[in-house]
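Encoded as structure tokens, the structure appears first; notes follow it.
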């Protein structure tokens, strides 16, 4: 069992929902803190107008009472504020008029064409409504619940953007707190203000060109105890789980841990984290090239993963495609006007990492109620101190 | 349910085993074809002597009869030919002498220290015996079974090495058959002979330096039908599953799909695969930047994933570490003498990809017996032809 | 993966919800048909007043468009019409007043005391709100979706009550259609009117005594193809899955298949279904003592399972218990006034069976869209005809 | 994740194997204690000669070192001592001679016919080799590992036979230790010697008649802590899991918990366990009609489940069946000569219960290593004492 969730909801449907199951009881949780995370996802230089209009708000439908989780499944819902304008198109019941109005023009870079064939639909709307980045809003809500759990154990999940198009962040602070502070203030979640200026210029240029941009973000998890995940079976390795989780975010095309792809071009003597000992510190490392995991197990260093996001496929400068009915070429329509969504993706990435760490954490320490989980974790901290 | 497997076995234990469950009946399977895959994993310029001595052979313990799978779980076993020399150290029963002889020197870059703490052992051997690349031999055997299934549907999984250290393969053929042919002949699984020569020189240099090398390999899956995986839930996306699977191979630190990390620095107009139509071809693409998946669903193009392997952490030129008992520093011991294992990793990668594609394939077409699966697939091929 | 669902919701919370994932696209589905199932659950002689007041209505929040499933997760919601009266007690935010008002009197026969300890609550409401038969309403909604799928394959799920207290149904018709017809008309879902009269008298007597009654219901699944479930692994056996599913209904204490417990006291020659052959019929049986499954696999005969429900633990005639704070004995409070809920349980049982059969069905025939699933099933029907 | 296992192996194949994954490290485990459990399964008045010849012995292939589990997957193997005589019939490679020799006569009461159709075989041997009670030997081995874990927490699993054919055990001792002692000495695992004599007479009579007998066994789990399983989701309920597990044993047709089916015919005032308090005892019950679970959660009382086994379908007095090729009727062949296997089934039942309790136990207390699990459990015991 362990921690799990399912989500549902179409982009222009009534609402997005998620049911999270396996969260211990007794964790403090407020809708407001989930809303804050939702707001963080909606920010970002380079977003179109839709994002500015709707402000997502969660409703906690169940699983929380008098300020705390009660151990029951938690149902979260984000209603679509624009539902009135969509209820005809998204109607539950068939209607000849609407069915004539179907979408037949698949957009490159989306699941449109492959999804249509998979589910044997004849209206692309039946695909694109779910195969939409809108779905990530509810993942952020799920992540916010996981963060509330992790917070009880002083585990923090931090994201920042390290590349937009071909502009890389240059002076990234060493101190994660500094990274966090800077990123939270930055419209691009970039921790270096000079790089940020260049990134914004790049986005402005892309806007001018009618083009879009991707980038790279990094997620740090600070305070994660030693021993989450395991090497004993392939599907217990935390590195693999994090990779799945991040790669499952729409538009993510690459994931790396620690030195990642760079380690491929180095010598062995340059990529491992030697082990040192000092009486007051215990065992320690001077480097964190492994990104906090060795053999798929957390080693007590910050977890450090990066994900590459491709540019958004919906451009002002249209891509060529072909109508599925007429078989005539057309220029792929612009449905929304984001130019760059990397800052948003980095917040979604935080949620994915938060979920996977929470899951591995509860596997290790047990998960019925916060009191027990806390004592198990405390006992382990004590063991570690004695060992170190 | 679907396709699943568990594996077991210590590096110097009696044997590695796997049980694969969910393979349809009526698939032709011979031990010899699994052995061929095992042999492919053991090749490669830059491997140490251990690899040259032992030749892995599988025993099919159950699930196959008279040349075919029967629908029952398939148990595979690779015996340790050197077991006689290890049965004291790996003894099932306690023995004071052996317990004194415990290993207390954790190697950087391995699960040693984190694993010891996770499982509260006091002998590192209890970790390293399982947290060993030896485990991947049985994964290759599992992958060979999946390949036998995929072969029935003309799906082929091809790997080749595209980087060793900082040497990149340059003239990679466009034709996957050519890639395959070249790679199979190459001691480095490199599809370009000139690059191969440079890579071998790089390995020779690393050997001289007492150092090790990683690299990057690519897996292509040819003939995969449209519609495997799904965008409807994060854990059904095939891109995420492939990422997990590859990242779970020991020493893999990065995974990318299609253009991967490169897509992050390009404009949107440069990274998507426009859709075209021609009567004799149907819908088609001129590019495959997406790597065969859009929205986590296969789109009929070759699947194309790459993984970055860090250099092997066990070097002649030793890394610094600290004894867990004496707390004294030491130079991490060399247990084996591989310099570069990227070619082997690429064969393991094939297996991981074969398993995930087989799993997604059976989810789509049903999986009790080959006859039914084949008819369901055939019907879908016909549908596609009509659609296209 | 396969078919799966999660549900959430407290008895007096805002709403019950479920997310069902893995339902093929293209299945006709209307809220009204789910509502009909919800109404069937609310009927029954012997129910208290609460049931008569609230009429459950489902909202399909997502996964359905223009009359059909679209392949995306289906979110169902049943709102609590009495929410206004409960929002203080069930408030999301802490409130000193409410916390003083906590429930400290565990009811025997409920999860109250064990749940309180498991989750370390101090207010029994945090347990009983989820550990409530109210949760089964959403299971019925989930089952209705599964029935919509099964209907496409002429599979019908039928329930009827065969015992109330010590009164057994006597003249149960052989014809399942007759059973269905009678049960649907009967206030007790009993297929024999004479037995029904005795059962109602028994309930009247229990009401007079201030006591409650359980009983036994039977679920028949008609039209299930040969070959669902499997003997190859314990967790693929359909008999085991049905047993889990039914036993997980609150108050169910026993499950049996076919002859069930009676088979234990018979000779072998009396409990098996001999195999016959006749040109026009093919292979057939004259009996169905096995209840439609041999070796955990469906054999083409009607599936026949029975479940025993204990009497509702909340009685007018109170049970003794002890306050968790004062440690003083008290008489367990009556929260609701049902005397007998077996007819409702039988409808819930239909849903559980529908879900498990749908799950096994999709495992066998594949599950992306109705068209493919139907063709795979048709091919199998043809195979069977040729075989038989 | 949690605790899981897969098993493999045909009845007359090389060996049965299982891989158990998720067992904490540091648990003492010896092959001999598994062998003892295997021997217990092979006993029993009424078994045929095959059972008397082969004595099953386990080989621990991996996961155990120097007397303890190391946290890695545990591979167990029971070799077929008669393999030499079967290797032609069960050959991995095709052979025209053998294929002519195929079995075409399905036995009623087995998976033979349904399995043949499911997997589209033409030789019944491909079904019956796996759909065989032989598979339960490895389940007992898996259960023995789980018992080794549970023993560390003073949890004991006890089975005894309470009915053979229509003969019920009459004077069952109240004290589980007494039940255990008597059952272990009894050739029928019956705790009452007078009933045992009658049961043996019944078996003798069945033997004379060429018939077979089933029966009912009971499993008790003593010392299980409060709070295993949960009411929060249907698939976390321990009652449902136990039902699945027991129903998945071949020939089991019914499962009940506590009063089970009897509760259906009683009044509510007769079936619940009132709650009492006494300073020296804390909260307690005078009855255990619920069988140790309320709302699917353990309540600290002994778990008490019963399972009904149908008589073995292979009789001297043959059942009628029809050849699948000739379509001619025949008398179903006798493959083995057991008359009654209920005592064996009760040992298998212990294993199933041990596995499910171990799984739920580790979900509650965490499961990386015995030391942590033990401290978490101890902390909970202390909490309970303070609460009570």
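Per-chain residue numbering starts at 1, and chain names A, B, C and D are given in the order in which the chains are listed.
Going forward, contacts are C-beta pairs under 8 Å (C-beta built on N, C-alpha and C of every residue); 3 or more make two chains touch, one makes a residue touch a chain.
No experiment lies behind these values; they were computed from the predicted model shown.
Undergrad: What chain lies farthest away from chain A once each centre is taken as the mean of the Cα atoms?
TA: Max centre-to-centre separation from chain A belongs to D.
Undergrad: Which pair, A-D or C-D, has more C-beta contacts?
TA: The comparison resolves to C-D.
Undergrad: Approximately how many whole Å separate the CA-defined centres of chain A and chain C?
TA: 37
Undergrad: Can you give the whole-Å distance between the Cα centres of chain A and chain D?
TA: Going by mean C-alpha positions, chain A sits 44 Å from chain D.
Undergrad: Compute the distance, rounded to whole Å, between the mean C-alpha positions of chain C and chain D.
TA: Whole-Å distance between the two chain centres: 26.
Undergrad: Residues touching two or more other chains, restricted to chain A: which are they?
TA: Touching at least two other chains: 6-7, 21, 71-73, 118, 120, 130, 227, 230, 232-233, 235, 364, 368, 372.
Undergrad: What residues of chain C sit close enough to touch chain A in their complex?
TA: Listed in rising order, the residues of chain C that touch chain A are 4-10, 13-19, 21, 25-26, 30-31, 59-68, 70-75, 77, 90-95, 98-99, 118-121, 125-126, 129-130, 368-369, 371-372.
Undergrad: Contact residues on chain B for chain C in the complex?
TA: Listed in rising order, the residues of chain B that touch chain C are 1-2, 21, 71-73, 227, 230, 232-233, 235-236, 363-368, 372, 375-376, 379-380.
Undergrad: Chain B touches which residues of chain A in the complex?
TA: 6-7, 106, 108-115, 117-118, 120, 127, 130-131, 139, 163, 165-166, 206, 209, 211-216, 226-227, 230-235, 237, 239-248, 250, 252-261, 263-269, 271-277, 283, 285, 290-291, 293-300, 308-313, 315, 317, 319-322, 324, 327, 329, 364, 383-384, 387
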